[in-house]
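For reference, the structure I am asking about is given below.
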Amino acid sequence: MILAEVIGTVVSPVQVQALDGFTLLMVRPVTPDGKPTGKMRIAIDQVGAGVGDRILMIDEGNSSRQILQDTNAPIKTLIVGFVDAVEVHGELTYDHRQVHNS
Amino acid sequence: MILAEVIGTVVSPVQVQALDGFTLLMVRPVTPDGKPTGKMRIAIDQVGAGVGDRILMIDEGNSSRQILQDTNAPIKTLIVGFVDAVEVHGELTYDHRQVHNS
Amino acid sequence: MILAEVIGTVVSPVQVQALDGFTLLMVRPVTPDGKPTGKMRIAIDQVGAGVGDRILMIDEGNSSRQILQDTNAPIKTLIVGFVDAVEVHGELTYDHRQVHNS
Amino acid sequence: MILAEVIGTVVSPVQVQALDGFTLLMVRPVTPDGKPTGKMRIAIDQVGAGVGDRILMIDEGNSSRQILQDTNAPIKTLIVGFVDAVEVHGELTYDHRQVHNS
Amino acid sequence: MILAEVIGTVVSPVQVQALDGFTLLMVRPVTPDGKPTGKMRIAIDQVGAGVGDRILMIDEGNSSRQILQDTNAPIKTLIVGFVDAVEVHGELTYDHRQVHNS
């Protein structure tokens, strides 16, 4: 899985049935302290994420299809969870509560 | 999926039956504000895209085969939709109507 | 497989059944002498690794699913072993005992 | 697919039956105007390409296996066609006849 | 396939049955004239390669499993052959006999 941040939304009249009802979110991989790393992708959202959220994404088709329980879904990149905290070498580099309460 | 722009066409007498009737389009991944990012690829077009169009592409074989409903198609990169708008952190960075009416 | 170091942990209320009971570890590919190389990923741990450990990881879904003996597991990156030593051109560049006893 | 150029040949006594009779060609992805982009790979040739040829290659195992009609072939990178011309934003950046007749 | 050089060995008590009896070799992709290109990986050896050898590797799970004739093998990167010679644009850039007899 990859640590990423939701940075935006994409509006597109894609006519792929398996994608009906899903929002297309623009995501950017980030380091534990939030610096961009890696290229942006457009992900399907499984958890109700929004712009600014730190999330976990899976970037493999077979894994994403398992989670959606749809072996035919044409989906590679899926947001599977929010991130509450990231600790690197014992130090807290991200804490969801701090970000959202400060 | 990946945000990309159609930048050109490729003429090739490829003799692969599953590709008959498809145009080969040169596509380049772009950031939400249109800067090139990532390497160019040659995509099969599912939606009637042309040079200059901002599009969504899928870059996984199994996903592309599902969309084409051809489990044997030797296709990895497929254009699946036009992009109407991209919004990043609440700001509109791409609007199809502005680009095409200005 | 990829040589990597465990650098941290990720806390996330991911609701994916196949992941229940696993710790999410932040891993960073490293060269034989320990320099970071390649992007960080979040791995599932199969061997009881902890922060600071030099490990071997597999970064392919089908391989990881075989090892977990769960053909449906939505897992791409799996830690499969500790690294005891790395020798490059006949010279020892990493020795687990030195690191942990010095 | 990827636009590439054949830059050389590799001689190797690989003992893999599915590869018998194929030449191993060194290929390098290129931009539409012929600049190197991306890493070199060793491809199996399906069309009789030679050094200096501008070609289309497929870099996905399942696609390559479909084209070879051998579901067991251990082949990921396959040359599937010659490139006659590449046009970028309406301008011809590569023309096979010019290159070979000038 | 990828042109690479064996640069070292990795000692790890990995407990994966399909890997029993295989040496773990550290490999580094190289250009035809031997310059490092691309990230190091840990490969399973099929041909008896050793440190310093120029080799061909396959970096796709399904291909590697076919060659090992073990559809369950959790292996992505496999050394499939030695390289005798590489010729780029008609010029010999690597010759196994020169390297080993000089």
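We call the chains A, B, C, D and E, going by the order they appear; numbering starts again at 1 in every chain.
Please note the rule applied: a residue touches a chain if its C-beta (ideal position, glycine included) is under 8 Å from a C-beta of that chain, and two chains touch if they have at least 3 such contacts.
These figures come from a predicted structure and were not determined experimentally.
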For chain B and chain D, let me know how many angstrom lie between their CA-based centres, rounded off. 21
Rounded to the nearest Å, the gap separating the Cα centres of chain A and chain D is 35
Residues of chain C that touch two or more other chains sit at 62
Counting only chain pairs that touch, give me the topology of the graph as line, ring, star, complete or other. ring
From chain D round to chain E and on, the chains in turn are D, E, C, A, B
Complex contacts: residues of chain D adjacent to chain E: 7-16, 18, 24, 26, 39-43, 51-52, 61-62, 72-77
In the complex, go through chain C and note every residue touching chain E. 1-3, 29, 31-32, 37-38, 47, 56, 58-60, 62-64, 66-67, 80-90, 93
